[in-house]
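Quick heads-up: structures coming right below.
Here subunit A shows up in two complexes: once beside subunit B, once beside subunit C.
Entry: the complex of A and B
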């Protein structure tokens, strides 16, 4: 076996954590991610199968739902499923086994980087970065948007906890953009 | 310019990219007798109305859906926004 050292999307041995004012910005590497796209004519069955996977009804437009495995809406009849990497390193296989031929499932884990923002006043940071109407974004909302010209998913888990999924290859640019915004606000 | 996305609500036009005339949905049958003529029309001939125009827009920085936007080319007023797949299905397309 090769003796390889795992590094995070930003290249560190440990996840990067930055705190500016009331907001803490964290790199979150231990997430498994997979996309689910319902096949033509199978939308209702796919929705049902996805509900069994996440233990909650499949999320509606721009919503997040689930427990340990969480799904968020990414487009019409399309979702992303996320889960802790430990125990779900084969998340795509697990989801595929559950949805069968009703949906197409694609492994996404290493395509994305996740950053979490925690604390008070996160919308003030994000409104410099995104065109979304952040003051109207309620808990449990997932919306796709451009941040610093990078296509991202923005998840409002609750008022003091947001997640950003961006392309892993743009992790550095995204980190720079968010940190710059945090420093300019606080 | 704001496009009122049928699923997501009002979104800025900069999130979208423009393709062109919504008649592009009506792709001719490539196996038909008159396929060459039909494709000539399809690929090269467009109406250029001063007024209401139905056109395809792609929500690239959003949910990646294709939309049919009815826009007045004189005033930029947008009077209707539909999901392109609904329009295509209403015209008898199966995919």
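Entry: the complex of A and C
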């Protein structure tokens, strides 16, 4: 076991939590992430393999699916797979072992920062941040968007729980943008 | 002063009294007032001075079309010039000042301009200040600018915050008058997602200004009830205080919501305004209509306003502009104003109607077939002179005159995509044409339907049509008067009759424009400034056009109409900026070692969005060069560490990954062994160098490509283009991993020794096991996953080590601790740059988009054995001519002298001009190893001119330095160190 201590994307030892009005905004470092992209001609097999990994059919366009490991659609025959960091710090290797040569798998855990929004009235905050039609972003959907010029994924887990994935290096700017909007609304 | 002009009734809250200040004096008002209504209530008619002639001016309207009643709102940094008093919602403590007056509003010294009005007619400046040309910029323009113009800027940064936001709807309804409300009720009840936006703070539009009933209610009550019903619908969003400013492509509308302008002070963090981008499936324009004035002699005195404005002030705000009022009209609507005012106890001096068949009244005198020919009163209206049909004149004693020349449909948004309105003879006005923005329809008076019942009906019908509804809701009974109007634009024979009061344009100016050949309406606008500035001619454009048509002997539609452009009303620049201001102007990217570097006191530099450590000053170092020289010396003598996470990393996988890279890179990659890294050169299709970097082969089907920091995004985009569009049959997958790995260069003769202290013992990184250009997956510090690359940018024995980003901070701290025994130093981008110049590595300065591989001394890298992007076009004749630029090193003959990047190279003898230019300097630095300034440059036939002396010149800065041409590889040209 190595002896290096991780810091969060915002630079803290512990994840940052902010609550403004009914919305709580949390940095979520305990998540492992990996990309899965089907190899040419292997698309059907890759879907099948991914389904085995997440225990649910591979999600279609804009959808999220799975159990402990979940996957969300990120492009044609491409997905991101999420899992709790504990037990999955080598998620990419685990997924690669499962999908074999049907797909290319790339570790994405620390390429992204995840922030979660929980509470009532989250769309009022998000409409100041994202051009997405939030009416279409129902429970179990995910979409790519730009938040203050930072390319992100926005996931609606349910009406009171959204996740934002943004580039880890821009965590500070993204955090500032979301928190500013929360303070603007509430 | 008490509110002497306040009447009974109205939609103001008399239970509360607000204090405000205008031009230094204190007044009172009530919630529900605008600044304009409050000023009138306090008998203040004089509000400002005009643009050019500094004539006393008051209010013309009661809405956002106001050309005259403009003030400087608020004080200090929040001061906002040219703010329309008619749209300012009253709040306690409001401060406003008159503008364009000196020394005072009542006595303005520059009113002397008015006496010279014969000289200051349209085109005066163009004709007068012709020569000497040099005087224009330095003398004339500053003087003119000081004298003209309206409000002044605070010259301070805007302290308020603004948001931007995005909303989506099935139906956007623009305007909440009778048509808009009825449309919203129809669509809302049908379950559609509706946004109803209106610029006013009270929804209802003209309904709030009228006394007639709608159904069983008064007009304002019906509006309030409709608003209450809409508020209760979850599928309807009401956006009061929101101006839709533009109609853009694909059903997108811009809208400015004034969330904080009506508050005495903004709560912390709250925006003053929000600029919304509204994505609509369909849009319904219910923007209403604007009453237009008639031009006559001295029609600009404070107290003269549109008749409908007088009616609004009386009915909605319970304020009369004066106890004694006259009306000048060409249509029946003017009579409605007279009747409403009379009912409220305002004395009607007379109704002057240009029509011989004007209706009579039992309550006041109507002068049929008469015209207002002049007015009197020094700082406000006192008398109106009327010419009667029998040729006699009569003087009316009145403090206000309501003028009605008919109504213009507010067609602006229908024209934002070059739609042209069409002329409607009955209304004598333009109405929307056929070619509306996609998805837009128009209802109510904006579409020329001027009666209340007509507006309600057309709103319901338009909403039903948009939503394919088969039944219409029951419509309430309402006023349905026909249009009775005689087109009448201006009174003949007047000398100074104002058409555009905001820009001081008279009837005569329009005629002069025609006479001098500026006959197109677009030329008229530019020549006279008619229709420019904050009001965009909402009350003047059509009148100007009518005069032009008459002079030209054409009809108005033949004469044309100016195009309307966004924004509909002025928008603060801050609203366009939103939150992207100051430090948040663009997103910032931080490296994994940022927090540690900050603790060390690093000086940061922006590299794209990244913040990179530029150097790490130590106590006692007073100049950046001391820090940088030390970092370079320490690295070359022992070991240094630099965060190079910012270099783009692209994960390339797939069975065709090697074949793919073989296409993308000019040099060969097909045979690169697993566990090896290769320097690669990427060309653009036109043969110019796009970027350089490395590709490390981690497996048969897995590479990691690195790019320069600056080109990380563009290279990734290029590779995706190549993958998706050029070689869709290749099995290759790409994804960025730039942020995922903290990557540090560990460079210097002791770099291996340092790394051996942290790399887990099962990994042999000796020169034999891990030679130059090796790469592999390893673990460090007892099991942390890492990647190691033996590559060198500095020219020293060097490695790049990568760990998951969350451990980057800890790894840097560990390297510093473990490196103490080697006197390790962190180094920043400056030292990095010095060392790469010493080594002769080209970077962005050299890969500047105009250079080929041949220019950079890398011509042999372009493989002839395969086809790759750019390999053909880099062989174009001119690019391989014998005298093309070649990369060289530069040293000053006198080592004390500087090499200046951007300077040009000239032969020792001969002229210094572009015809004799031999090349230019791309990079320069002081080399602490060579104790000399050095540089890199591109020189014609450079490779054949080693040892030659040249002049480095910069004629703009009078620089001439004698330099010697040397090899670009100042340090270790044989590359022994990096292979050690």
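Throughout what follows, the second predicted complex is superposed on the first by the 181 of 186 C-alpha atoms of A that agree within 3 Å, B and C clash if a C-alpha of one lies under 4 Å from a C-alpha of the other, contacts with A are read in each partner's own complex, and residues count from 1 in each chain.
The definition used in the following text is that a residue touches a chain if its C-beta (ideal position, glycine included) is under 8 Å from a C-beta of that chain, and two chains touch if they have at least 3 such contacts.
Bear in mind the structure is a predicted one, so any value in this text is a computation, not a measurement.
When both complexes are overlaid on chain A, the residue A:146 reaches subunit B alone and has no touch with subunit C.
By the touch criterion defined above, A:40 lies against subunit B and subunit C together after alignment on the C-alpha atoms of chain A. Shared-chain residue A:19: touches no atom of subunit B or subunit C. Residue by residue along subunit A, subunit B and subunit C are tallied for touches, and C comes out ahead.
In the superposition on chain A, A:131 makes contact with both subunit B and subunit C.
Contacts of A:176 after superposition on the shared chain: subunit C is touched, whereas subunit B is not.
Once the two complexes are overlaid on the shared chain, A:52 sits clear of subunit B and of subunit C alike. Once chain A of one complex is fitted onto chain A of the other, the partner contacts of A:107 are limited to subunit C, with no touch recorded for subunit B.
By the document's definition of touching, of the two partners only subunit B reaches A:61; subunit C does not. In the three-chain superposition model, subunit A touches both subunit B and subunit C at residues 40, 131.
Subunit C meets subunit A in the complex at residues 161, 163-168, 193, 268-271, 274, 277, 279, 579-580, 584, 586-591, 594-595, 609-610, 645, 651, 653-656, 701-702, 729-733, 735-741, 779-785, 803-807, 809-811, 814.
Put simply, subunit A touches subunit C in their complex at residues 1-9, 11, 29, 35, 37, 39-41, 78, 90, 104-112, 127-128, 130-135, 148-150, 167-174, 176-177, 180-181, 183-184. Partner subunit B is touched in their complex by these residues of subunit A: 40, 61-62, 74-76, 131, 143-146, 151. Of all the residues in subunit B, the ones that touch subunit A in their complex are 7-8, 11-12, 14-15, 60-65, 83, 85, 95.
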